[in-house]
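The two complexes that follow have chain A in common; it is paired with chain B in the first and with chain C in the second.
Let's look at the complex of A and B:
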C-alpha cells in the first residue's frame, strides 16, 4: 500500500491538478488527503471526481463526446387538446381556478392494486410507503362526481377522439382498430381515483429531423391530472380544475443521440400538434417527459419539463450524472462486497452534538436524531454527480420523497456544500458513537420517529443501489439544468383494463374522412418558409403558433408578400406580445381585417407596423380611427417628393458627416411620417438617391 | 379446444383459427393499417366479433379489426394467471366463524376476461 500525503495548497487549481495526476497515477483509494483542512481537501474531492467523470459544460461537448458516452434520448410529449369538455365527463375543459378558490375538499389515501397480469408496480409500492394524505380541492363548475370515482365514466368525448386521431395520422402511425381504455395506476395522488384512463390511438410512426428520422412508439389519448398546490411532510394538496381534460401523449423511440437533437424533436412534435389548430397553448398546455440513458446506465425519465429549451442542458447533465454513478459503482466494488455491506445506525442524544443543536434548537420531542455509518463510503458522499450536486444529494432527495423528511434533512461527514456538512466536533462524536473506521462515511438524519424506519431503509436501499450503478427512477428537471429524484420508474405492471368502458371501434370511414383534411407536414412548412424568404429567427414563433396558414391567408388575400407578413407576425407582433399579453378581443382575424383595410385603401403596407400596436391595445377600435391616432393624412407621391430639394439644401447647410448615405438618411428621417402609407419607403429612398426631385 | 380462443366468436374466432393463432400467444399481426406486435388476450363475450385484442409490449391493450388483417403469425406463448397473493389466514378454534359480504370494488376483485368485468376475490387468503 502506497500512501500519498498531499499538503493542501492555497492555490486550489494547482492542488486540483496535482491530485488529479495522483489519482490517475496511483488510484483513488491510495490518495490520502492531508487532513489539516478538511473543508478544503474535500471540496477538492468534488473537483477530482468531476474530472474523473470527464464532465464538460455543454458548450464544450461535441457530438463525438455524446457518442462515446452512448447517449440516447427519447421523448414523451403531452399536449392538451382544444375541446369544450373533459374526456370522460361533461364538465367544461380549459377553465382554471385560483389555487385557493374551491368549494369542497376531499381527502384520500392511496393503495396499490395488482396489474392485469398479476404484478405490483414498483412506483405504486414506493408511493404506498410514503403514507401520504392527499387533499383535493374541488370547484363545482370544473369537477363532478366522475372525477372522484363516484360516477362511472361517460362516453368518450368524440371531439377529443377525432383530434387525437388526426394527430396520429399526421405522425404516420398505425391506427388501432379498436380503442381500449386502460386504467394506468398513479399513486402519487395526482389523480383522485388512483388511476388515469388512457388508450392507444396509434403505434409505430415517424417524424423527419434535419439529420435523421425519429421513430414514434405510440400516441395515446388520456386524461390530464390534477395541479399540485403543495407537498409538505405527509400532506399533498391538489386542485382538480385540470383533471380529466383530454390530452395526447406522443412517445418516441430513444433515437436522439445528442441533446440538441432531442430539443429539435421536441420542437417538431410541438409544431406538428399546433399545426392541427386543435390543441391548447399557454402555460402547462404542453409538457415534456425526457428519457435519457448512456452505455452501462439505465433509462431515466425527467418528468414535466416545462420548456423544450431546457431539454439540452437537462439531458446533458443527466448523461454525466449516470457516468458519475457508474464511476461510483466501480469505486465501491473495488474494495467492498455489497452482499456483506451493512450500514449501522444509532440514536443520538441531541446534547452529544453541540454544532447540530445550535443549528436546530427547536427539534420537537417526537423527533429523533439518527447517526448512520456507511462502511467504505469515504469520498463517495462528496462525489460529483451534477453541477453543484453530489452523491449525498441522492440520499437527501430520496429522504424527502420517500420518508417525507423535509429538507434540510441530512448532514454528512464530507464537505460538499456548507448546508450539508457536519461540524468537526460533531463528526468526532459521531465517529466515536458509531465506532467508524477511516474509510467509512457518516450521515446524520432527523425526523418524526414514525418516519425514521423508512428513512433508514431508504438510505440503505440507495447505498446498495450505488453498487449497481444507476437506479431506475423518474427525476424532476430544475431550471438550472440539474435534476432531483421524483419517483421509482414505473413499468408496464401498472396497467389494468377499464372494466367500466366498452372498446370503441375506429372505423375506416372515420379515418378516411380525417385523412382528407390533414395540414401539410412540418418539414414542408419549414421548406415553405424558406421559399418565401422569411427570416429564420421567426420560424420558432410562427410554427409554434401555427401561423403559416395565417400568412397564407393574409398574403393571398391582401396583396402582401409572405415575407412581409412573416416578419410582421414574427417580429412586430412577437415584440408586442413580449411587452404585454393579448388584450381580450384581439385575434388573428383582427390582423387580417387590418391588412384588408390597408389593402382596400391602397395604402403602403409599412403603415401596418404603426397601426398594429393601436389595434393590439384597443381591439375593437374602428380602423379609420387608428389612422387618426397615428397621425396619418393622405398626401400624394409628388407632394412628398417636392419636399426633397429643400431638405437636401438644409442638410448641406448643417452637414458635418462624411457618411455618403447621411444625406439620404436625414431626408428619409424627416419625410418618414409623411410618407408612411402613402409611398413605399424603399421607393422613396431610391427616388432620393437617384435625385428624381430634380437635383 | 374453445379455451384456445377464449371469448372469441364469429369473424374474430374464424380469423384466429385460419391463421392458427391462440389466445396468450405472442403474435405479429399485419393489417392494412400497419403491423401490430403483442400478446393475444381473451375477449369479453359481451363485445363484438369483429376485433382481436392485443396487449402491446408497453402494457396497453388495443383491438385489431379482423377485416384489416392480411397476415398473422405466432412466435411465442405467455399465459398470464391473474391472482391475488394469498396469505395464510389465521384461525382460532375458540372463536366463532365470521361471514363476509363482498360489495364490490377493484381492490378486492380480480379480472374476468369472460365478461370483461371484475369478479370478487373468493378465498379468505385472498382477502386477508
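Let's look at the complex of A and C:
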C-alpha cells in the first residue's frame, strides 16, 4: 500500500487523479495536500541549493570552472602483477574461487592499537565503534597459514620484486637501495593481520601527459587484500583467495587540474604497466583510488574505482560536493554557533507514528525508534550535495557504515527523495514531541537498541562537521558518478616498520640488468601507432592490452601492414571479445600462426577476418579445416572475373536502382565469398568498375 | 595372517630383531641397501615391520637414503601387542600390505591407524610423520601438512595429488651415508652454554637445536654457538612446536642467532633435521654443500606452504575434530 503511495508521489503532477483515488482509498486525504505543497517547496530547495553551489553537468563545465573551484586531483593506481605466487607466502596467485566455495571459515575481531606516537588512528577508532565480527572464508588451494595470520611472512617473491622494479624504472623513479617492508593498518578487516605489508620501491618519477608532466610521488610493492563477500549489520565476510597477491601502488602528486586530465593520467599509468607485459588484466586486476580537493575543501579519497572511465564523472561530482559542503558551512555559521549547538533526541513512544508503522510494521521489540531535532538545520537536510543526493544522505551513509543501521535507516522532515521523507502526520507528532522550532529540522532513525547510542553520536558528529565544511573521509565511487561515505580518512601514523621481515637489499647489478630491457615509453607507442596510420579508435584497446609488440611481430613476419594488423586486432578481435570471452587455448600466438598460414599459402589477407571467428571459437583447429569451414576453395583471378559479364547481364535485367554503384555492389556481393582469399577485394571492385566503364 | 594372501604374494626377510630404540645409523644403512637390492630385483612394494617408538626416525632416514623409489615403501607397526585379540597389528598390516601392493604412491611412508577405532588407516609421508602419543592407537600424525591417503581394507583414497607416482622402471638411487657425530639438543629455559661446548669438545660435527617458538634459545648460549660455528660445526634450528616454520627474522633473538651462524631449517621436524644432517655430513665435509643439501627439499621434509587446516583436518579420531569436520563451520 505504502509502496504505491510513494511511487505515485514521484509522478504526482501528471498522475494527480490516480493519486487522489489512491489516497482516498487508503485514507491519506490530509497528507495528500501537504505532501504536494512540501514537495513543491523543498524540491525547490534542492534546485535552489544546486544553483547556489553552481553545479553544472560535466559536459558544460570548462577548464576555467575547475580552476575557479581550485580543483586538484591525484591518483593511487593499484595494479596486480603477473606472478606465479603470492608476495609473502607460496600460495598460487591469480586463482579465484566462487565466493560461496570455501573449505572453512575463521572469525576475527579487530581492535585499534596505539601507534608509535601513542595515538589512535581515526579510522581505527571508527572501525572499532562498528563492533564488527569479521569472517574469513578459506579455500585450501588458495590460502595457507599465512593468509589467516597464523605464520609470519616468508621471503618476498623475487618475481614480484623484479616486475615491480622494472615498472618503477619505467616510471623513471629513483630506486631504493634497500626495500623495507612496513605495515599499513587496515581495521576494516580486509586483511586478517589488521595491516597490509607494503614497501616503497622507488620515489620521485614522472609521466608525460599531452600538455604537462605529472609527477610520481612513489611506487610501492604490496600485498592485495581480501575480496568482500557481504557486509550486513555487525558481520562482514571476506574471501581470502586474492589476499596476499602482489600488486604495485603508484601514487602521483595532485598535479591534475581537470577530471579529464585525471583520466588521461590513469590511462597512461595503466598502459605503462601493461606494456611491461607482466601485470594482470581483467576485473579487479587494476583499481584506482582518486584523491580530489578544491580550495577550502579537504583531500577526499575515492577508493576502489574499478574503471578509469568513471574517474571524470566521480571527480567532477566530488568537487561540487565539496563546494556544496562549503556552502552549507557558510549557511550554518551565519545563524548558529557550533559551540552552543546541541541536538535533542527522544525515544518515540509506540503508536505515535502511524505513517512510520504502516511502512515498517514489523519493527522487532529490541529496536528503538528515535526522533532527533537538529536546531537551525532547516533547508540543510535537503541541500544539494551531488546529483540526486542531499545532505540527509551524508547522515544516512554514516549511519549505515558506523552504526551498522541497514538502509533505509532515516526519515527526514524535508522533501528530497521520496524514500527519505517523513509523512506529514508523523512529522507533526515529532515536532510536538521534540518541541521543535520553525528553523529546526527533524530526523527519525531506528535500529537495535545497542546501536542507537552510536547512531546518535554519528548524527551529532556529522552535523558538527557540517559547520567546518568537508570532513576527512574516504568514499566509494558508484557507477552513476556519485560517491558514498566509506570510512574516516586514516592518519599518517598508520605506517610503521614490519618487524617480521628483514630489509631486502636491491643490488645495482639487478637494476642494470632490468634497465637494459625496458619496453618503449607509452608516448612513443602512441607516436608509433600514429606513424603506422592505425585508426585512433583502436588505441585504447591496443595499448591497454599491450598489443604494439604483437602488431610488430605479425606485420614484420607475415608481410602485412601494421595498419591492417592494428585494425585486425583493434576491430575484428575486439568485436569477437565483445560477444564472448576467450575460449581456453586461444592466444595471440594463434593469431600469429593464422597470419603466417595465410601468408605462406599466398592468400589475400582479407580472408583473415573470416577465419578469425572460427579460430577464436575453436583454438585447436587445424588452419586447413578453417578454410573448409568458411567454404574457401582456390579459384584463379581469371575464373572469378569470368563471372562478371554474366552477373552484369543478370543485374541489368532486374535493376531498378538509380545508385550508380548499385551494379558493382551487387556483383561484389555475389562474388565476395568466391573472391575472399583469392583476390584482393579492392582490386576486384576496381576490375568490375573498369568493366562498367568498358561497356 | 591368512588375509594377506588375498592382498599380494608376500616374501619376508628378517633383518634385525631389536627394540626400535636400538635402531640407529648402522641399521638405516643396512636397511636402505637391502631395499635397494629388492627394488632392483623387481619387487612391487615393500613393507617394513618396525617398533613404533622410532619409526619416524627410520622413515626419515630411509626417505633420504632411498631417493626416487619406483615403488611404495611402507613402515608399519602396532600400538597394542599382537597377543591380545583387540590388537591393531593385523589391520595395520593389512593396510600396509594393501598400500605396498596396490597404491600408486611411490614414497617412504608410515601406515598406522587414523582414528582409534578399527576403521581406517592413514598413509603418512616418511619425513612429515611423528609419533605423538605414548600409547594411543592412532599415535602417528602428519605434521605441518595433510596425510597422503586414507586406507581401508579394500580402498585407498588419496587426500592429495602431490606425491610421486609408482613407476615400472627400477631406477633408484641409494645413498647409504651417515655421520654419527651429530646431536639433537632440545632447548629448555636456563640451558647452559656447556651443553653445546661439550658437544663441540667431543668432536661433534653437527647439531640440530629444537628451539622455542619461532626458533629461539637464551642469550647465555650465544657465545657457545658462535664458538661452535667458528669451529666448523653445522648448527640448524628447528622448532619444538613441531607445527610451523622457523622464522628467525621476527625477533632480535632469531636475528642474533643467525648472525652467529645458526641456519633456520624451515619446517623440518627436529628428528627429520637430525637424520638429514647426519646423512648430509656423511656425504661431505664442505659446510656450504651441507647447507645446500639441508635446505633443498628432497622428500617433502621442507614444504612450501602449510595448509591452514593441516593441524585439524584428515587426522581423525578425536571427537571434537570429527564434529568440526562434519560442520566445517559453515
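Simple rule for what comes next: the second predicted complex is superposed on the first by the 652 of 695 C-alpha atoms of A that agree within 3 Å, B and C clash if a C-alpha of one lies under 4 Å from a C-alpha of the other, contacts with A are read in each partner's own complex, and residues count from 1 in each chain.
As a working rule, a contact is a pair of C-beta atoms (placed from the backbone, for glycine too) under 8 Å apart; a residue touches a chain by one contact, two chains touch by 3 or more.
Note that the structure is predicted; figures quoted are calculated from it, not measured.
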First, second, both or neither for A:182, with chain B first and chain C second: first
Touched partner set for A:204, first chain B, second chain C, both or neither: first
Touched partner set for A:103, first chain B, second chain C, both or neither: second
First (chain B), second (chain C), both or neither touched by A:497: first
Chain B versus chain C as contact partner of A:218, first or second or both or neither: first
Which of chain B and chain C A:515 touches, first, second, both or neither: neither
Partner chain(s) touched by A:111 [first = chain B, second = chain C, both, neither]: first
Which of chain B and chain C A:145 touches, first, second, both or neither: second
Between chain B and chain C, more extensive residue contact with chain A: B
Touching partner for A:505 - first (chain B), second (chain C), both, neither: first
Overlap of chain C and chain B interfaces on chain A (superposed complexes): 499, 502
Residues on chain A engaged by chain C in the complex (per definition of touch): 89-91, 103-106, 138, 140, 143-148, 150-152, 154, 499-502
Contact footprint of chain A on chain C as seen in their complex: 214, 244-245, 247, 249-251, 255, 304-310, 328-330
Contact set on chain A toward chain B in their complex: 111, 113-118, 173-180, 182, 198-200, 203-204, 217-218, 220, 251, 491-497, 499, 502-503, 505-506, 508, 511
Complex interface listing, chain B residues touching chain A: 31, 33-36, 46-48, 50-51, 53, 55-65, 68, 80-85, 106-107, 110-111, 116-118
